[in-house]
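What follows is a group of structures, each given as structure tokens.
In what follows, chain A forms one complex with chain B and a second complex with chain C.
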Partner chain A sequence: MTAVHHPPAQQAPPRRRSDRRLLQALPYLLPAVVLYLGFLVYPMVDAVRLSFFEWTGFRNDEPVFVGLDNYVRTFTNDPVFYRALTNSVIWVVLSLLIPMLLGLLLALALNRRMVGRNLFRSVFYIPAVFASITVAAMWRWIYNPNVGSLNQLLEAVGLASLQQEWLGNPQIALYSVFVASVWQGVGFSLVLFLAGLQQVPAELVDAARVDGANRWQVFKAVTVPALRPTTAVVTILTIINSLKVYDLVVGMTGGGPAQSTQVLALWSYQQSITNHDFGQGGAVATVLLVVSLCLVVPYLVRTLKAEEH
Partner chain B sequence: MSGATILANPSASGGQVAAVPAPPANRPRRDYVGIGLWISLAISALIWALPFVFMFLTSVKTNADVNTAPTWHLPSVWQWVNYADAVETGDLWVTGANSLVVAIIKVPIGLLLAAAAAYALARLRFRFSKLVLAVLVAGSMVPIQVGLGPLFTTMLSLDLLDTKLGLMLPYLAFGVPYQIFMLYGFFRAIPDELEESARLDGASTFRIFWQICLPLAKPALAALFILDFVATWNEYAIAATLLQSQDNWTVPLAVLSFSGQRATEYGPLNAFIIMSAVPVLIVYLLFQRYFVAGAFSGAVKG
Partner chain C sequence: MLAAVAAAGVIGTLAACGGSAGGGGDDELTVWMLTLEGAQKEAMDTLVSDFEAANEGVTVNIEERSTDAHKDALRQVAGTDAGPDIYWYWEGPGLGGELVEAGLSKDLTAEYEQYGWADRFGEATLSNITRYGGYHGVPFTQQAEAIYYNKELFAQAGITAEPTTYEEFEAAAAKLAAAGITPITFGGTVNWHVMRLLDSLIETNCGSDTFDQLVTTETSWDTPCVDESFTQLKTWGDEYFNDGFQGVADAEAQQLFYTGDAAMAYEGTWFDSLTVDNGMDPANIGVFKFPTGTERLYGFGEGFYINAASDKPEDAAKFLDFVTSTEEQNKVVGAFSPISVNTEVPTATGNPLHELWPPLYDAASGFYLNNDQNLTLDQTTEYWRVMNSVLTGGLAPADAGAEFQAFVDSNA
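Up next is the complex of A and B:
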């Protein structure tokens, strides 16, 4: 079927040849596929299965089938779940707005030749190679209400009234954690946008300039359309990374204070492992799984279709 | 390059696109947009670097210094011994060795498995090979946390809980699919004629993989090596779930425990945080060339 699009060297093989190819491919494919099925797919499927059971997770304890009870409880009787869901949505929206836009702006600026360009790029990118758990430890220190740098800075510039318990105040803790994630995450979209800008055809830009287009017009008519595939990649990866946020929250607040920084990924884990309720944990995990697949599958279908041509 | 000289007016030379280099310094007309841009970039970069500066200054201070003077003051005594203290109390040699062993075994094996699978999918195209690729990649994009609970029970029943092997297996499962996706594009781009002529010379499928496709993918492999080394070194969620005894901990677990338990020893705490990131910094600085060029140019192509 796919052979139709191939160059003449591989003309439409009959089915038998294709089956032989499968046989040939198996030894190369099998190790990766076995690992994938055993240690990625199986745990995820098992999480879905366990969402229909009640189970503490202890080996000598038998899971009891309870049907949809866990979902009913999660959706009707679990305020933390809604807190986590809301926070995850807030996180996705903020991530699409702030670090992505900042990354684009920085990429546009750093795409010009200038003194110190490589140093600038490194400064913005290096936080991205740090472990999130390390970044969490750094920022917890910066946010320390008594000896942390942020409160000290505010006092030094005469804004002592703005001093806060940055991670202790349920009203703002989520946003404090988010600031750390912006600091860490900008480099990621910066690098992708920089790579995307290499694909902007320079001749088109020059031609538009010669025709008298100003900078904004060139940006709108040439740069933005050429960046469209990059923007699609950055958007989907930003959403997915936002759903995965876990290390930063664990390292800075553990979901508190008063569950105010709880997110779906962490709540699923805490329900299963900490609260010994694999059924409830599985239900939250299933919600997360469904949401993720709804985002990933259309993106992949589009990418692979585009690759065909 | 002639574009820059033709379009000498400041509004054009302030454009956002690579083709226009900044004007040379001796040009009479100053590029005010460029200067303004540079200054705002410098200020942002300074803000971005501040957390590192604070970290470092605190890491060489005594507790008395930390409590009495603002973070940005230089230490009254340079307390380098904080680093030695941190290594000892945080057991950095043990956790560092654990992380290194896991990364050094897992990363090359993972790349080899990914390359083999990508080769099968891209060059030995069989029926449904694209579907296999899509399923592999889709799974790898789902948050790990979905399967963490069951992963724990699986490892428990396999008696692999709290072992390096038990950690590396899920690392491979979660790392390999994305690498397959990246290498797939690379292998697809190899011209069919190259493979055909090798086949006419009697080369086996394995030889074509090993001696033609793999060497051609070197830049991508180098970039993926760095990405995967950094990701493996930094991984926290799976390690925290599966590793229990302190002797088996990897570095991220030690960081969290250190910053939780010894949060009042500010100097050693910050020294520990800095040291935990040294290996990834070295890897990044050594390979940043490949990193940007190789890993991401493939990712953003339509």
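Up next is the complex of A and C:
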């Protein structure tokens, strides 16, 4: 019997293999890339470009280059900008504290075997699938000073002294809108954390328990580190969603009363679309973009580095 | 970024719905106007069905929006092909004038000549059509705004006569409040509702000439008569408005008047039919001019404009000729306003409230416009912010005029 010797298969260098894979993938990626460039990158770049022009947005009106004038006006002469910036920052901070924490606690509670677990998961998640404008309409009625259920409930339980003009009082209107946002958004964090909890290795939990760890110690030493990638995703999405909050505010207060619930995304829209000042709107949008990048990018980089280590 | 995406999205959506300006088929006219209800809806349906019957094969598609959505939609499509063939709009410089300037409105000089429209409408009605040069728009209503009041609630508070001076007006509000009745109802989430009171206070305290100089920024807002107006506004907000007015819209505020929970509402001629549609007895309602002490009535004109980008301007003009004709106006007068813009049409008689308006029109020397029709867009936004800041206690009334003037100066 003659042994047949096959020459060892020639292995392609890694670089060439990677190039070939890219070429194979390109036709599949192309439609998404085109859409991404057309609907995300182009408007973004164009808004930054517009922020250096004075333009009403009408076709028969030629944009006039004004350099940094729109930014100077935004930072020195816009009576609403700092209110909108402050409110956006407040919104981000509260969103990182409240719905995220609630989502995590609910996920921990619903990650165990219990009667009606799926029902509870659905109940907490359902608000997340509602359109924001629907949520806004619903909560506007709940807060209605004349026929709203919240004030009526307070009266019914003997707490009439706590009745408020929930959306009419500039001191509390922003927080009233935020409560609606928590109601709508907590389900989203809940689902992500639930998914993250499925990834916590059961053998590590068992080993910790065998070592005598109590529930808090297991949570702190095993669950929290295992949830780190999920927490990073939830944090980044929460920051981004908070900075672009718009529809709930429009639907509930329109930014009022007296611009007390104004946020950067809405102010950019109103400057452009309502006031027909696309340069000013572009300047506010660019500030929002920079703030978003400043908050998200460092966190993302740090998280990725930590994961590499 | 967001602005550009929003604009692209909305324009894209509108374009997808309408195609080129007006959209639809060759024989379909698209008309954008405010949301219509009750008698107004019936009247517009009558006009459309009559026109379609008289012009076989032509269909008219009315697209309705709420007040602010209508303004936004038209501003977004101005300069594009996504607009309607015809749009209904307010005629004042801050609203209709802005769209004329943006090139959305077609100059109808030739159509006025062809149909003889200049003879159909009165001089005052046409003044807002010709003020931009040529003829922009066809008048549809000349609305006036005044105080509607509930006679039973006035009697209950011991008010025996309609106020004829500002002092009497405020005294009436005080009596109503003392009797446990909400004197007047406003919806604060739509800023233009409360603005009606502020505009009238400025007309009262500053007089007609100064009012006109203020809105054209020919004179400074940092003046005692403006400060006085904001001070009075604050008093009204604190003591005489419905509770929680800042958290409700105009429609919710109007409900308080319909249900007898508020004694007064500052509304316009369109309110005649709304009160009846909402179950009020017109015999229990009175109307009086806001006692400014000037001879002018508060109000504005509304008209239909042909989109300059429409590819069916002849059909559009034919439709506007039809709906403002004597025959058709006789059928619908009263639904939109008790007094037709067509001078040959007599005052409406269908609703007892209509009879209250002719004396007010006759006694007036002219109109002072709502300030969101006078001021530029960014000035209007700031005017509302200052107004609401005063009402919510965030700004002292004495500083309000200076605050607004600072904005005017820095954005000149």
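One rule holds in what follows: the second predicted complex is superposed on the first by the 266 of 309 C-alpha atoms of A that agree within 3 Å, B and C clash if a C-alpha of one lies under 4 Å from a C-alpha of the other, contacts with A are read in each partner's own complex, and residues count from 1 in each chain.
What we mean here is this: a contact is a pair of C-beta atoms (placed from the backbone, for glycine too) under 8 Å apart; a residue touches a chain by one contact, two chains touch by 3 or more.
Quick caveat: nothing in here was measured; it's all calculated off a predicted structure.
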item: First (chain B), second (chain C), both or neither touched by A:283; value: neither
item: Touched partner set for A:170, first chain B, second chain C, both or neither; value: second
item: Partner chain in contact with A:256 - chain B first, chain C second, else both or neither; value: second
item: Touched partner set for A:296, first chain B, second chain C, both or neither; value: first
item: Touching partner for A:43 - first (chain B), second (chain C), both, neither; value: both
item: Touched chain A residues, chain B compared with chain C; value: B
item: Which of chain B and chain C A:205 touches, first, second, both or neither; value: first
item: Contacts of A:85 with chain B and chain C, given as first, second, both or neither; value: neither
item: First (chain B), second (chain C), both or neither touched by A:143; value: second
item: Which superposed partner A:22 touches (first chain B, second chain C, both, neither); value: first
item: Intersection of chain A interface sets (partners chain B, chain C); value: 39, 43-44, 46-47, 50, 57, 59, 244, 246, 265, 268-269, 272-273, 278, 281-282, 285-286, 288-289
item: Residues of chain B touching chain A in the complex; value: 3, 6-7, 11-12, 14-22, 34, 37-38, 40-42, 44-45, 48-52, 54-55, 58, 66-67, 70-72, 113-114, 116-117, 119-121, 124-127, 129-130, 132-134, 136-154, 156-157, 169-170, 172-174, 176-177, 180, 185, 188, 192-193, 196, 205, 209, 230, 233-237, 240-241, 251-252, 255-256, 258-259, 263, 266, 269-270, 273, 276-277, 280-281, 283-284, 288, 292, 296-297, 299-302
item: Complex contact set, residues of chain A against chain B; value: 1-3, 6-7, 9-10, 15, 18-19, 21-22, 24-26, 28-29, 31-33, 35-36, 38-44, 46-47, 50, 57, 59, 106, 108-116, 119-120, 122-124, 126-127, 129-134, 136-142, 147-149, 152-153, 156, 183, 186, 191-192, 194-200, 202, 205-206, 209-210, 214-215, 218-219, 222-223, 228-230, 233, 240, 243-244, 246-247, 250-251, 265-266, 268-269, 272-273, 278, 281-282, 285-286, 288-289, 292-293, 296-297, 300-301, 304, 306-307
item: Touching residues on chain A, where the partner in the complex is chain C; value: 39, 43-44, 46-48, 50, 56-61, 73, 77, 79-80, 143-146, 165-170, 173, 244, 246, 253-254, 256-260, 265, 268-278, 281-282, 284-286, 288-289
item: Partner chain A, residues of chain C touching it in the complex; value: 1-8, 10, 71-72, 75-76, 78-80, 98, 102-103, 188-189, 191, 242-248, 252, 256, 377-378, 381-382, 385, 388-389, 391-392, 394-395, 403, 407, 410-411
